[in-house]
Each structure stands twice: as C-alpha cells, then as structure tokens.
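Would you mind keeping the following structure in view while I ask a few things?
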Amino acid sequence: MDSATLIAIASIVTAGLTIALGSIGPALGEGRAVATALSSLAQQPDASSTITRTLFVGLAMIESVAIYCFVISMILIFANPFWNNVIAQAAGK
Amino acid sequence: MDSATLIAIASIVTAGLTIALGSIGPALGEGRAVATALSSLAQQPDASSTITRTLFVGLAMIESVAIYCFVISMILIFANPFWNNVIAQAAGK
Amino acid sequence: MDSATLIAIASIVTAGLTIALGSIGPALGEGRAVATALSSLAQQPDASSTITRTLFVGLAMIESVAIYCFVISMILIFANPFWNNVIAQAAGK
Amino acid sequence: MDSATLIAIASIVTAGLTIALGSIGPALGEGRAVATALSSLAQQPDASSTITRTLFVGLAMIESVAIYCFVISMILIFANPFWNNVIAQAAGK
Amino acid sequence: MDSATLIAIASIVTAGLTIALGSIGPALGEGRAVATALSSLAQQPDASSTITRTLFVGLAMIESVAIYCFVISMILIFANPFWNNVIAQAAGK
Amino acid sequence: MDSATLIAIASIVTAGLTIALGSIGPALGEGRAVATALSSLAQQPDASSTITRTLFVGLAMIESVAIYCFVISMILIFANPFWNNVIAQAAGK
Amino acid sequence: MDSATLIAIASIVTAGLTIALGSIGPALGEGRAVATALSSLAQQPDASSTITRTLFVGLAMIESVAIYCFVISMILIFANPFWNNVIAQAAGK
Amino acid sequence: MDSATLIAIASIVTAGLTIALGSIGPALGEGRAVATALSSLAQQPDASSTITRTLFVGLAMIESVAIYCFVISMILIFANPFWNNVIAQAAGK
Amino acid sequence: MDSATLIAIASIVTAGLTIALGSIGPALGEGRAVATALSSLAQQPDASSTITRTLFVGLAMIESVAIYCFVISMILIFANPFWNNVIAQAAGK
Amino acid sequence: MDSATLIAIASIVTAGLTIALGSIGPALGEGRAVATALSSLAQQPDASSTITRTLFVGLAMIESVAIYCFVISMILIFANPFWNNVIAQAAGK
Amino acid sequence: MDSATLIAIASIVTAGLTIALGSIGPALGEGRAVATALSSLAQQPDASSTITRTLFVGLAMIESVAIYCFVISMILIFANPFWNNVIAQAAGK
Amino acid sequence: MDSATLIAIASIVTAGLTIALGSIGPALGEGRAVATALSSLAQQPDASSTITRTLFVGLAMIESVAIYCFVISMILIFANPFWNNVIAQAAGK
Amino acid sequence: MDSATLIAIASIVTAGLTIALGSIGPALGEGRAVATALSSLAQQPDASSTITRTLFVGLAMIESVAIYCFVISMILIFANPFWNNVIAQAAGK
Amino acid sequence: MDSATLIAIASIVTAGLTIALGSIGPALGEGRAVATALSSLAQQPDASSTITRTLFVGLAMIESVAIYCFVISMILIFANPFWNNVIAQAAGK
C-alpha cells in the first residue's frame, strides 16, 4: 500500500461521508421551513409576498450549509492538494 | 491486495453509503413539507395555487440536497479520478 | 483472497445496506404524507381532487429518493464497473 | 477460507440484515397511515370510500419500498451473480 | 474452521437477528394501528364495521412485512442454498 | 475450538438475543394497545364489547410477532439443523 | 480454553443479557398500561370492573413476553442442551 | 488464564450488567405509573381506594420484571452451575 | 496477569458501571413521580395526605430498584465469592 | 504492566465514569422536580409550605441515588480493597 | 510504557471525560429549572420571592451533582493516590 | 507509511467530518428560526420589519457557528501548519 | 513512542473532547432559559426587571458548568502536572 | 512514526472534532432562542426593545460556549505547547 493509494481511499470515503452526513441537517431544516411556510400561507394568504420572500432568504441560508459540505466534498475529489502533492512527487521521482 | 482493488472497494462501499445515508434527511424533509401542504390545502382551499407553487419550489430545494449525494455517488462509480489514475498507471506500466 | 472475491463481497454487502438504510427515510416520509392526506380528506372532503393530486406528486418526489438507492443497489449487483474490470482482467490474463 | 465460502457468508448476512433493517421504516410508516385512516373514518364516516381508496394507494407506495428490500434479499440468496460466477469458476476449474 | 462451520454460524446468527430486528417495526406499527382503532371505536361506535374492516386490511399489510423477515429467517435455517451447496460438495468429495 | 463448540456458542448467543431484542417491539406495542383500550373504555363504556373484542384480535396479531422470535429461538436451541448435522458427523466419524 | 469453558461463558453472558434487555420493553409497556388504567379510573369510576379486568388481561399478555425471556434465560443456565452434550462428552472420554 | 478465572470474570460482569440494564425499564415504568396515580388522585379523590389498589397490583407486576433480573444476577454470583462444575473439577483433579 | 488481578479489574469496572447505569432509571422515575406529586398538590391541596402517602410508597418501590444495583455493586467490592475463592487458593498454595 | 498498575488504571477510569454517568439521571430528575415545583408555586401560592416540604423530601430521595454513585467512586479511589490487597502483597514480598 | 505513563494517561483521559459527561445532566436540568422559574414569574409576579428562593435551593442541589464530578476530576489530576504511590515508588527505587 | 502520508490522511478525514458534523446543528437551528419567523409573519404581518431584522441578526449568529467549522476545515486542507512543517522538512532533507 | 509523546497525545485529545462534549449541555440549557425568558417578557412586560435578573443568575449558574469544562481543558493543555513531571524527568536525566 | 507525526495527527483530528461537536449545542440553542424571540415579537410588538436586548445578551452567552471550542481548536492548531516542545527538541537535537 503506497501513499497514493491510501490518500485516494481516504479522499473517496471522506468525500462520500461528508455530503451524506452533511445532507441530513439541511434537508430536515429546509423541510421544516417549507412546512411552516405552507401552513402560514394557509393561515394568512394576504401576506404571501412577505412570507415567500422570507422563505427564499431562509432557504438560501440553510442551503449554503449544504453547499459548504458539497464544496469540501468536490475539493477532496477534484482539487485535493494532498493528492496533487503525491502525484507530483511520483511524477518527479 | 493491490491498489486498484482497494480503491474499487472503497468506491463501492462509499457510493452505497452516500446515497443511503443521504436519502434519510431529504425523504423525511419532503414528507414533512408534503404533509403540511396537504393539511394547508384542506384548511384553505382557496389558496391552493400559491400553496402548490411554494411546495414545488421547496421540494426542489430539498431534492437538490438528495441529488448532491446522488451525484457524488455516481461520480465515485463512473467517473472516479482516483480509479482512472490507477487504471492509467496499470495500463502504462 | 483474490481481488474478485473482495470486490464481490463489498458489492454484496453494500448493495444490501444501501437499499436497507435507504428505505427508512422514504417509508417514514411517505407514511407521514399519506397520514396527513387522510386526515385532510376527512376534514375537507370537497377538496379531495386537489389533495389527492398533490399527494401523488409528493409521493413521487419521495419515492424518487428510494429509487435512487435502488438504482445504486442494482448497479452494484448487475452493472458494477469495478467487477467488470476485474473479470475482464482475469479473462485476459 | 476459499472465495465461495466468503461470498456465501457475505450473502447470508446481508440478505438477513437487508430485510430486517428494511422492514422498520415501512412497518412504522404503514402503521401511521392505517392509524390516521382509522381516526379519519371515525371523524368523517361519509368519506369512507375516498379515504380507503387513498389509503390503499398509499399503502401500496410504502409497501413497494419494503418489497425493494425483499427483492434485493431474494436476489442475494437465489440469483446472486457473484456466487454464480464463483461456482462456475469452481466447476470449470 | 472449515467452510461448513462458518456458513452454519453465519446462518444461525443472521436468522436470529433478522427476525429479532424485523419484529420491532411491525410490532410498533400494529400497536399504533390497534390503538387508534380502539379510540376511533370509542369515538364513533356506529362506524365499527368500516373501522374493523380497514383495521384488518392494514394489520395484514403490516404483518406481511414481519412475515418477509420470518420467511428469510426460515429459508436461512431450513432451505439455505449456500449450506446445501457446501453439504453436497462435502458429500461428493 | 472445534466446529461443534463454535456452532453451540453461536446458537446460544443468537437464541438469547433473538428473544431479548424481539420482545421490545411487541411489549411496547401491546402496552400502547392496552393503554388506548382502557382510555377508550373509560370514554365510551357502552362500546365495551366491541372494544375488548378488537383489542384481543389486535393483541393476538402483535403477540404473533413475539412468538415468531420465540419459535426461532427455540428452534436454535432444541431443533438446530446445523448442530444436528455436526453431531451426526462427529458420531459417524 | 476448552469447549466447556467457552460454552459456559457464552451461556452466562447470554442468560444475563437476555433477561436484562428483555425486561425493558415489558416494564415500559406495563407502566404505560397501568398509568392509563389509573387515569381512566379517575375519569370514569363507574367502569372500574371492566377497566381492571381488561387491565389484568393486558398485563398478562405483556408479562408473557417477559416470561419468554426469563424462560430462555433459565434454559440457558439450568437446561442447556449444548452444555449437557459437552459435559457428557467429557464424562465419556 | 484458566477456565475458573474466565468463568468468574464472565459471571461478575454479567451479574452487574444484568441488574444495571434491567433496572432502567422497571424504574421508568414505575415512575410513570406512580405519577399517573398521583394526578388521578388529585383529579378524583373519591376513587382513592380503587386507584391505590390498582396501583399496587400494577407496581407488583412491574417490580416482578426487575426481580427476574435480580434473581438471575444473584444466581450468577451465588449459585452459578457452571462455576460449581469448574470448582468441582478442580477439586477432583 | 494472574487470575487475582483479572478478577479484581472485572469487579472494579463492573461495580462502577452497575451503580452508574442503574442510577439513570430510578432517578428519572423518581423525578417524574415527585414532579407529578407537586403539580397534583397544587391542583388539589385538600388531598395532600393521600398524595404524599402514595408518593412515599411509590418512591420506596422505585428506590428499591436502585438499591438492588447498589447491593450488587457492594457485593462485588466487599463480598465477592469469586475473589474470595482466588485469595483462598493463593493463600493455600 | 504489573498487577498494581492495571488495578490502578481500572480504578481511575471506573471512578470517573461512575460519577459522570451517574450524574445524568439525578440531575435531570431534580431539574424536572424543581421545575414542576416552581410552576406549582406559581399556580397555587397558598400551598407553598406543602409543596416545598414535598419537594425537599423528593430531592433528598433523588440526590441519594447520586450519592450512591459518589460513594462507590470514592471507595474505588480511597478505600479500594483490591488495591490494598495488591499493595499489601507487594510490601510483604 | 512504564506504569507511571499509563496511570498518567488514564488520569488525564478520565478527568476530562468525567467533567465533560458530567456537565450534560446538570446543565440541562438547570436550564429546565430556570426556564420554568421564568415562566412562573411571568404568570404569578406576586410570588416572586417564594419562587426565586425555591429556585436557588433547587439550583444548589443540581449544581452539587456537577460539583461531585468536578471534585473527582480535580482529585484525579492533583491528588491522585495511585499516581502518588507510583511516584513514591519511582523515587524510592 | 511516511509522516506526510499519515498527516495528509488525517487532514482529509478531519476536514470532511468537521464540516459534515458541524452542519447538522446550524442547519437545524436555522430551519427552526426561519420556520418561526414565517409563522410569526402570518400571525402579525404589521411587525414584519422588526421580525425580519431580528431574523437576519439571528441567522448571522447561527451561520457564524457553521462558518467556524468551515474555516477550520479549510485551514486543515489549504493552510495546515503541520503539513507545511512536514513538507518543509522533506524539502530540506 | 516515549512517555512524553503518549501523555501529550492523551492531553490534546482529552482537552478537545472535554470542551466539545461539555458545551452541548450548557448551550442547550442556556438556549432553553433564554427562550423562556423571551416568551415570559412577551407575556408579562411589567415583570421585566425580575425576569431579566433571574435569567442572568440562572445563566451564570449554567455557564459555570461550561467553565468547569473549559478550566479542565486549559489545565490539561497549559498546566498539566503529569506532563510537567515527564518534562522534568527528561530534563533531569 | 516519530513523536512529531503522532502529535500532529492527534492535534489535527482533535481540532476538527472539537469545533464540529462543539457547534451542535450552541447552534441548536441559538436557533431556539431566536425562534422564541420571533414569536414573542409577533405576540407583543410593543416590548420589542426589551426582547431584542435580552435576546442579544442571551445569544452572546450561548455564542461564548461555541467560542470556547473555537479557541481550544485554534490553540491546538496554531499555539500547541506539546507540538512546540517536540519541534524545539527536534531542532535542538
């Protein structure tokens, strides 16, 4: 087991788990926000413009947390500095 | 156990767990959003167009989190850069 | 333990766990959506067409998450690129 | 421990766990749906035909998730491509 | 530890865990359905025929999930194809 | 550690855990059903015959799940086909 | 570590865990049933005979699940067929 | 590590865990029953004789589950048949 | 590592865990009972003698479960028959 | 690693975990009792003497469970019979 | 790894975990007590002196549990009898 | 396995888990805050300016916790002082 | 791996986990207290001085638990007696 | 694996986990506080100045707990005394 293999395995497993675990919180949080938005719309249809605007701002904030996880996951697969270092070393050897 | 085998195993296990764990949050969140939409429709049938439109926007946001997991899972199976690197090395050897 | 055996074991275990874990969220989410649909129907029988239509759209969205897991599970059993690669190598040896 | 034994053990354990874990979600989801159907029937006996029809459609959707698990479990026991491959190899040796 | 012993142990442990874990969901789901049926009966005694009929259909659906687990468990003990294969090999050796 | 010892240990441990884990769900489910039956009786004493009849049918369904576990547990202790096979082999050796 | 010691250890540990884990569900279920009985008695003192009779039937059903665990636990300590087999073998050696 | 030591360790650990885990369910169940009894007494002081009688019967049922655990725990420490067998063997050697 | 050391370690660890785990259930159960007693007293000050008497009987029952754990814990530290046996053997050697 | 070191380590770890785990239940139970006492006082200020007296008796009962853990923890650190035995042996050697 | 190092590591890890785990219960319990005190004050401002006095007594009881953990933690770091024994032995050697 | 590989693996795994685990709390907290904001808007549309301003301040506070995790995660990947030290050593060797 | 390294690793890991785990309880408890304070203020604005004073006393009590953890964590990093002892020994060697 | 590598790995992993675990409690607590603030504002818009002031004080208290974790995490990465000691030793060697 050389260094490149180990780093590749660690990157694969971590990339998957990062987005998998990181999706639980945002999905539940967005579900809750959307659910309350819908019951608020049913309760006060006149305030629909304020409610949907606030909802979209809130969803954007929550989605940003999921996107942090997605970004880290993508960096680990496609722009991993540790992997690049190992590949460069192997090439330069 | 050569490098290719280890990376293949890591990719298989991670791909499966990523979508499996990543489906829990979105499914529960969507279930909650749909449930509230239905009770809101029963409570205020006149606002059905606003409610269903907001519901679909919300479901799209939540579904996107599940799709992040699916994308990572598919990348790990069919476009895995670490696997390609190992296969290329083995071919070029 | 040769490579083919290890990849086969990893594929079997992952395929099973993927659909097993991946069924928990959608089943609970659909149960919740159906339950609310029923109580909404009892509360507002006149809106039954809107409610059932929204319910089926919602169930389709939630079911799609379960189907992602089923697809990954089936790919790991019947169209596993890592297994095909190993079998091809063994045949070409 | 030869390959056939290892694959057999992995298949047995995975088949059992798949249906065991995969039964938790659908059973709870169906329990919830049936429970709400019953309280809806008690609340609005006149809508019983709509309620039971929607209930059966919903139960079919939830049961389908349990059946995915059962199918994977059965495939792993009786139509396992990895096991067939190993048996074929052993026979052809 | 020969192959037969290992497969026997895996079958025993898996058979037990399958029905043990697989009984949690259905038992809780049925408990919930029965409980709601009873409170519905107390609330609307006139609808008792509809309620009990729907209850029995629902219990049958939930029980079917437990029976899937029982079937897999029984197959692993009394009709295990992997065990039969090993016994046949040992007999033919 | 010969085969008989290993199979005996696996059978002992599995038999115990099967009934232990398998008792949690049914006991909680029955507790819930009985509790609702009692509060329903207090709420609608006139429907006591319908309530107790439905309760006993429901308890029988839930108890059946516990009995599946007990049956598997007893089979593993007193009618274990794998143990019988090993004992037969040891006797015939 | 001879066979007898290993089987003895497995029996001791399993007997303890079986009754320990198996007591959680019945105790909670009975607690719930008794609690509801008491609040039902306070709410409808006139139905006390029906309530206490139904309570005792229900407690007997729930207690039976605990007794299954106790029976398995006692069998493992005092009437363990695997232990008897090993002792008989040791005596006959 | 001779057999006697191993069996002694297993007995000590199991005896402790049995009563420790086995105390959680009964204590919570009794707490719930007592709590409901108290609120029922406050709600309907006239039914105090029926309530306390039913409470004591219920507490006895729940306590019996805790006593099963205590009995197994005591048997493992002071009347352990496996330990006696080992001590007898060591004495007779 | 001689036998005495191993048994001493097992006794120390088990004694601590027994009372630690065994304190969770009774403490929560007593907290619940006391809390309900207080709210009952506030709701019905005239029934204070019945309430406090029932509370003390209930607390005694719950405390008895904690005391079972304390007794086992103390026996393991100060009257451990396995330890005595080992010390006696070491002294007689 | 001599016997004294092992027993010292076991005692240190167990003493810490005993009081740490043992503090969770009593703290939560006392928190609940105090909280209910305060809301009862707000609801019925005239019964403050009865409420505070019952509260202090209840807190004493719950605190006693925490003190059992503290006592075992202190015994393991400062009056550990197994440690004394080992030290005495080492001194007498 | 000599004895002193091992005992030092065990003391460090245990001291940290003791206060970390031991802070969960008291913090939650105090949070609950304070929260109820505040809502009681808002509901019955006239009883503020009784409420705050009872609150402080209750907080002191709950805090005492946290302080037990802190004391054990401090003893393990600064007055550890096992460590002192080892240091004394090392010095006297 | 040289030092650089080990530190790279630790950095990769930790970076992923940090943001994955660290996203659960903020996402749920923001979801709750947004949900309450929406229901408050529906309840009191006139206070929408105060509510949205307070919401954005609160979301910023909660988001800051997620950003702490993201910062640590980024530092571990792109500005890791331990990795720089190892690379510098390797270069200077 | 010499003693100093091991003690350093144990101190680092424990210091981090102590404050990480120790922050969960206080943060949740304070969140609950603050939340109730706010709803109490909205319900009874006239009692704001009593409420905020009681809130700050309560927050101080809860914060003190978090500070115990922070203190232990800081002692383990900057004033660790075991580390000082090892460093002193290494210097004096 | 030399000392520096081990301490670096421990520092990396602990720094990440500290802030990841330490963010769960504060984020949930702040979410709860903000949520209650918003519903209080909707309920009593006149008290908005008192409510927002109390909210910010409370958020500061809760945020301080998250900052304790961030500080420990930063110290472990950028001002780690154990790492400095090892680097100094390596430089002075």
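Per-chain residue numbering starts at 1, and chain names A, B, C, D, E, F, G, H, I, J, K, L, M and N are given in the order in which the chains are listed.
Here is the rule we use: a contact is a pair of C-beta atoms (placed from the backbone, for glycine too) under 8 Å apart; a residue touches a chain by one contact, two chains touch by 3 or more.
Because the structure is predicted, anything quoted here is derived from the model rather than measured.
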Given subunit F and subunit I, the chains that contact each of them: none
Averaged-CA centre spacing for the pair subunit K and subunit E, given as whole angstrom: 47
Computed distance of Cα centres, subunit M from subunit B, in Å: 38
Chain centre separation in whole Å, for subunit C relative to subunit B (CA means): 11
Junction residues of subunit I, two or more chains touched: 1, 11, 13, 15, 17, 19-21, 24-26, 28-33, 35-37, 39, 41, 43, 55, 59, 66, 69, 73
Pairwise touch network: line, ring, star, complete, or other: ring
Direction subunit F, origin subunit E - full chain order round the ring: E, F, G, H, I, J, K, M, N, L, A, B, C, D
Residue ranges of subunit G in contact with subunit H within the complex: 1-2, 4-5, 8-9, 11-13, 15-17, 19-21, 23-39, 41-43, 45, 48, 52, 55-56, 59, 63, 66, 69-70, 73, 77-78, 83, 87
Of all residues in subunit L, those that touch subunit N in their complex: 1, 3, 6-7, 10-11, 13-15, 17-22, 24-26, 28-33, 35-37, 39-41, 43-44, 46-47, 50-51, 54-55, 57-59, 61-62, 64-66, 68-69, 72-73, 75-76, 80-82, 85-86
